[in-house]
Each structure stands twice: as C-alpha cells, then as structure tokens.
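Below: a set of structures, written as structure tokens.
Next, two complexes with chain A in common: one pairs it with chain B, the other with chain C.
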Partner chain A sequence: MKNTLWKALGILILVYVFAMTMLVPLGPGLLEFQDVNQVIESTREGRAVPEFQVIGFGTHWDQLPDSLQVFVQSKGQLAALEVIRVDDATHATVGLTLPYSLPAKSWNVLTNHPVDGTLLLENGLFLSDRFIDAKATWPAPSFIEHSSQLGLHFPYQPRIVETIRNLMLHVPLWFTMFLLMGIGFVASIKQLSNPRNQRDDDRAVASVQVGIWFGVLGLLTGSLWARFTWGAWWVDDPQLNGALVTVLVYSGYMVLRQAVDDERLRARLAAAYNLFAFVILVILLMVLPRFSESLHPGKGGNPGFNSYDLDSALRAVFYPAVIGWMLLGTWMYLVTLRMKRVNRQIELLP
Partner chain B sequence: MMHTLLQTNPLEGWFFSSGKAFVVVGVAVLILLGMAWWLFRAEFRLREMEKMLNSKKNTPT
Partner chain C sequence: MSQQTPWSRYRFLTAHAFRMEWREKHGLAGLFLFALASVYACYQVAGGRASSETWNALAWVVLMFSAFNAVAKPWPEDSDAMRRYLKTTLRPSEWILARMTFYAVVLSILSLLIFLSFTIFLGSEHFNAMQGLAFLLGLESTAIAFAALLSVLSAISSRAGAGFGLTAVLGLPLIIPIVLISTRYGTDILNGILWIDTAHHLLFLGALTGGIGTLGFILFPYLWRD
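Coming up: the complex of A and B.
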C-alpha cells in the first residue's frame, strides 16, 4: 500500500502542476514606451509636448481609466507624466511633460493603477535630445501607490512573458536528472568497492538510462525556451553546451556497456566511467558556467529565478513540480531496475 | 520579436479565450495518466514474473 501511495502521490502532484502551469494567468506588465513622433496639447503645461504611447500586457487600464498614472524615474528623481487618454485596456497616450534639463538620459517608466498595481519598465525611455545636468532636481509628485487587486497570477517578466510556464518543466527535469545520476554515482562507487555484487551495476545502469531521458527532455525544453526568449534554438553558451556534452558523456556510458562482453569487466569499466561522468556533470553544469558570462539565469552574474523573480505564485507550483518529477523519475528508475533483474534471472535459467 | 508578437496578437488573450489552455492541460494529463497506467501495469507483470521465477528457483530438480 505504501509502495503504491507515493507513486500515486507523484502523479497527482504532476496533474496539479500541469493544471496550474497552464491555467494560472500571467500578471500585467509593461511592454513598451513608444515615441509616436508627434506632439500633443498638454492641458497641464498649456503647450504642445511630445506624444508617447505606453503599451501594457494584460493590463486593465480601461477599468478606472482616470486613475491611471504614469511616471518616469531615474537617479532618485520621479516625475509624473500627463496621461492624455486611455485608448484601451493595454494602450494609453501620454504627454512627455519633462523639463529641458534632466539629470539622466535613461529613465525607467512606471505606471500606477488601482487594478494592476505598480508596474515597471526598466530603461523604457531614452532621451538623447535633452541637456544633461546631474544636479537637476524637482519636487517629488504626490500619489497613492496601489497594489495589485488581481487574483493568483504568475509574475510578468520582460522577454520571458508567457514562457515562464516552462519553468515548471525545464528546471525540475534537470533536477531529476541530477538525482538519478547521483544514484548512479553512489551505485558505481559501491560496485567498484565490491566488484562481485552485480546489483549495484544494475542500479547504476538503470539510473543512467532513465536519467538520460530526463536530460534529453531538459535539453528540448531549454531549446524551446531559448527560441522564444533569445530568438535562437541554440546559442553558444557555456551552460547550454555543458548540458549537451553531459548528455553525450552519459550516452557514451551506454555505448561503452554495449562494447564489452565480459560481464564483470563491463561492470567495473562502466562504474569507473560513471564516476568520471558524474564529475564532468558537476563541473560542466554547476562550476564552469559560474565563472563565465552566460545568458542562462543563475550564471555569470545573471540572477537565477530563486533570487528575486520566483514569487509566491511560482513557488506554489515550482516546488511541487520538483517533487512530482523526482517521484516519477524514481518510479521509472525502480521499474527499469526490476526489469533488469528479472531479465538477468531469466538469462540464468537452465 | 516577442514584443511585436504580443502587440499584434496578444498571446494571453488568444490562449485563454480560445480554450487552448484546457486542451493542452487535457493532453498533458492524458499522457501522464497513460504513463502511470503503463508503469503500474509493468510493475504488476514484473511481480508476476518475479513470483514465477522464485517458485522455479525453489522447485527441486
């Protein structure tokens, strides 16, 4: 009963993970602050000012349009822009009511709305035609900062946008591969310390066999993610190349096993190879990418999801996803192991 | 690229309003349940085979 319970639990967790991953909506965000290359009459300034359009994603500006506020912020200075009109839920026309002397060229754009809360577009505005005076200051505008009134939603991340859902597949798949290769590593150490014990060799080969599948799925989900966020199926990146090499090294383990006929020699050779393969996995996926520049989150000064991007909605799905995939991986490993043992017993039958 | 895509064809609206999200969840859950069924069935068969092999092993020749 206990044996069945954890397997069913793993499947139930994964059903929850798939449902939440695909059905929880993405929160609002800012896509662009676009120069329309026109001027528009500002009632606040009493003169014509450059017209800009702020474009949101999943925003609700058509609800309470008069409450939408747009700000630009740089070097501790915050300036309120004039919202001329709200065009629809995701578009608003704004007048750039800024003085000629500014403390910086690059500005963050912020919106404040009772439904969506405060949204930020980093470096959304770049002004090259203004006089830069580092000491230029003006009084801070008074406003009430709204927090989001929306239900459970995944956080909006620039560039990643809807593909953030892939987090529940890609990362737990790699974690499961690590777990399985770790099991194989321990089994190989045991195999080398007691060469007569064939059971550890079975454990090692079963874990690597299943682990490779998780690695291949990790590569495929990663490649798909790269296509949508970086614009290419594969980029020359130490983390990506390291992942591919790791999967190839483990494929070499399977090839090596096929090449040796003697059972004991095969077990010892494969165990020694597996130790090196695991060390290579750790070096290529966990050590080297941290010392080189990488597009991949968590590497080369590029923050990972667990630093500040992983909010409570993502955690509520991501952690169960890790547990669910690991339970499924362990189950697959145990079935493969039993198959190997039964096959061995059948081969030994007179 | 993504921004242009989202502006011209808001992915979120299309994905959720057309009910495609439910189809994807349905297919994923079906695959998962199919896999679970296959694994349970494999375990059942393995248990049977193990029993048979053990009984053969214990049978005096």
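Coming up: the complex of A and C.
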C-alpha cells in the first residue's frame, strides 16, 4: 500500500504540473517603445511633440482606455508622457512630452493600468538628440498607481516570453539526474567496500541507466529553449559543455561495463569509474560554471535560477515539478533495478 | 633490499619504470616522434601564419593526443600472472604512485618538447619571453593533471582487458574539465592578460590534479584485487 501511494502521488503531482504548465496564462508585458518618426499635437503642452507607440504583450488597454498611464524613468527621475489615444488592447500612441534638457539618454518605460498593474520595459527609450544636463530635475508627477487585477499568471520575461513554461521540464530533469547519479555514487562506494555483494552493482547501473535518460532529456529541453531565447540549438556556454560532457562520461560507464565479461571484476571496475564520473559531474555542473561567464540565468556566479527570478506563480508549479520528477525518476530506477535482479535470477535457472 | 619501507619500494618502482623504458628505447622514441610529427602536421595545416587562437588550440590538442598516446602502451606488469606475484611483494598504492610519477615526468618532458617545436615551427610572435614561460607552466601543470587521470584510466582499461580503445572512450570525456581550464589559461596568456590575473586557473588545475590523484590512489587497490 505504502509502495503504491508515493508512486500515485508522484503521478498526481506531475499531472498537476503539466496541467498548470499548459493552462496558466502568461502575464502582460511591454514589447517595444517605438519611434513613429513624426510629430503629433499635444493638448497638454500645447505644441507638437514626437510621436511614439507603446506595444504591449497580452495587455488589456482596450478596457478602461482612459486609465492607461505611460511614464519614462531614469536616475530617480520620473516623467509622465501624454497618452494621445489607445489603438487596441496592445497598442497605444503616446506623445513624448519631455523637456529639452534631460538628466540621461537612456530611459526605462513604464505603464500603469487598472487591469495589468505596472509594467516595465528596461532601457526602452534612447534619446541621442537631447541636451544632457545631469542636474536637470523636475517635480515628480502625481498619479494613482493601480495594482494588477489579473488572476494566477506566469511572469512575462523579455525574450523568454511563453517558453518560461519549459522551466517545469528543463530544471527538474537535471535535478532528477543529480539525484539518480547521487544514488549511483553511494551504491558504488558500497560496492567497493563490500565487493562480494552484487546488489550494490545492480543499484549503481540501474541508477546510471535511468540518469542518462534524464540527462539526455535535460539536454533536449535545454537545446529547444536555447533555440528560442538565444537563437541557436547549441551555444558555447560552460553549463552546456558541462552537461554534454557529463552525459558522455556516463555513456563511457556503460561502455566500460560492456567491455568486461567477468561479473565481479566488472562490478569493481565500474564502481571505481563511477566515483570519478560523479566527481567530474560535480566539478563540471556545480563548480566550474560559478567561475565563468554563462548565458544561464543568474550568470557569472550563480549557475541556477536566482530566487528573485521565481515569482509565487512559478514557485507553485516549479517546486511540485521538482518533487514529481524526482518521484518518477526514483520509480523508474526501482523498476530498472528489479528487472536487473529478475534477469540475474533467470540466468541462474537450470 | 634488506630494509624495505613503502618509500623505498616506491623509489625502486619509479626507477624501475624508467629503467625498463630506457632499455626499450623505441617506446619513448616513438612517443616523441608522434608529438613531433603532430606538430609538423599542424605546421602544414596552419602554416607559419597561425593566429594566436589557432596556436593555442593546436598546442592543447597536440598535448592531449600525445598524452593519450603515452599511456597507450601496455605494461608487462599488467598481466594477470605478474600482478598476482607483485601483490605478494608490494602494495598497489605504491605501484600506482610510481606509475603516476613516471607518467608525470614523461608527459612533462613531452610538453616541453611540444612547446619548443611549436615555437620553432608555428612561430613565437604571439608572446614575449615571460608569457612564453607562463604558457609553458600551464602546459606542464596540464601534463601532470593528465598523468594523474590517465594512469588510473589506463589501469582500469587494461584490467578490463580491452586495451587502448577503452582508455580513449573513458578518458576523452573525463579529460575535458582539465582541457577547459587549461585552454582558458592559455587564451588569457596569449591575449596578454597579466599572469597574476589568470594564475587562479593553475590553482584549479593543481586542485583537480590533487583530487584525481587522491581518488586514483584510494581506488587503485580495488582494481588490483581478484
């Protein structure tokens, strides 16, 4: 009963994870702040100002169009722009009502709306033709800040956009591989300390066999993700190199096992190699990426996802995903292990 | 030997390895010839106009393949009968230490040879004397790291009875972390970065060599058992 319960729990968690991953909508975001290259009459300023277009992603500006507010912000200075008209849910025309002397060239663009809340486009506006005066200041605009009225949604991240759902596959698959290779590492140590026992060798090979599959799946999901966010199926990144080499190292483990006929010798040699493999895995995936530039989130220092990158909606799916994949991986490992043992029994039959 | 200690046995084994190698000179000569021929092949491929990136990449590749070639030769002591006899007279850990030392010395000489022939054939215009010395230091550290890893792997594969092919299959992926650190160090040196600012790579290499060596030292006795 207990043995079925945790497997059922794992499957239920994964069903929940897949449902949430596919069904939870992506939150709104800002795509672009575009110069239309013409002027438009501003009623607030009483003069012609440059016309810009704000392009949103998944925004709801057609609801309550009068409440849309657009700001630019740089070095603590905030300026409200005049919203001339809202074209549709994701497009709005804005007049660049800014003075001629500005404290900076590069500006963040912000929007505030009763449905979407505050959205940010980092360095969305770059002005090269203005007079730069570092001391230029003006009074902060007074406005009502609306908070988001949307239900559960995944955060919009520039460039990642919808592919953020891959987080529930890619990262837990690697975590599961770590767990399985860890099981194999412990089994190999036990095998070496008690060489008469074949059970630990079965454990080691079963965990590595399943772990390699999780590694391959991690590589494939990572490759897909790289194609959509970094533009190539494979990029030169320490984390990617480490992941590929890890899979190769463990494939070498399987080759080594094929090369030895004597069962006890095979168990011993494979266990010795497996210890090397795990040490190299830790070095490649946990030590080296911390000392080099990486395209992965939290680059240069932290190879994993920074905790600030995960908001509550992502966490509500990501943590169960890690547990679910690990339970499934353990189950797969136990099935493989039982198969090894049954095969051994069959070979012993007269 | 009347007074045998682990230290004296280790010294004897190391000296013995060199003596055996020296008697059959074709082994060492073949190794150095392989390295020289590889450098010359690189010279034919890249010419004297090799950019600093090419220079760097080719140097590490030649060192890597020469190192694999160095450990390819099977030892007479690897045979089962010899191993059973040796087990009664010495400890396996002394044997692996002697073997690591032997390979470390051979690969150090080999890396010096590779460096010199590289400067002769592919030119030395990418660095000054100090940078050249720093690069050579990186080559030597890498050679010692290779020696620590490959002597254990060749022991595994010769114990498996599968010969050199298996050493390459097992060794090439495992050697990549070392190669990653070394090439990064070499690139930094050739890009004119101050030695002190990239010397931490040498520390990494040393730590890696120490870790691999210790692991091999602990594991080798298990490989020797029947």
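The rule is short, and it goes like this: the second predicted complex is superposed on the first by the 342 of 350 C-alpha atoms of A that agree within 3 Å, B and C clash if a C-alpha of one lies under 4 Å from a C-alpha of the other, contacts with A are read in each partner's own complex, and residues count from 1 in each chain.
Just so we're on the same page, contacts are C-beta pairs under 8 Å (C-beta built on N, C-alpha and C of every residue); 3 or more make two chains touch, one makes a residue touch a chain.
Not measured: the values here are computed from a predicted model.
Touch criterion met: A:241 reaches chain C, while chain B stays clear of it.
Look at A:192: by the touch rule set out above, it reaches chain C but stays clear of chain B.
Judged by the touch definition given at the top, the superposed model places A:64 against neither chain B nor chain C. Once chain A of one complex is fitted onto chain A of the other, the partner contacts of A:39 are absent, as it touches neither chain B nor chain C. Look at A:48: by the touch rule set out above, it reaches neither chain B nor chain C. In the superposition on chain A, no contact is made by A:232 with either chain B or chain C.
The residues of chain B lying in touch with chain A in their complex are 1-3, 6-7, 10-12, 15-16, 21-22, 24-25, 28-29, 32-33, 35-36, 39-40, 42-43, 46, 49-50, 53, 56, 61.
Those residues of chain A whose C-beta lies close enough to touch chain C in the complex are 192, 195, 238, 241, 245, 248-249, 251-252, 255-256, 259-260, 265-266, 268-269, 271-273, 275-277, 279-280, 283-284, 288, 291-292.
In the complex of the two chains, the chain A residues touching chain B come out as 4, 7-8, 11, 14-15, 18-19, 22-23, 25-26, 31-32, 55, 57-58, 90, 159, 161-162, 228-229, 231, 328, 331-332, 335, 338-339, 342, 345-346, 349-350. Within the complex formed with chain A, the chain C residues making contact are 152, 156-157, 159-162, 166, 169-170, 172-174, 176-177, 180-181, 184, 204, 208, 211-212, 215, 219, 222-223, 225.
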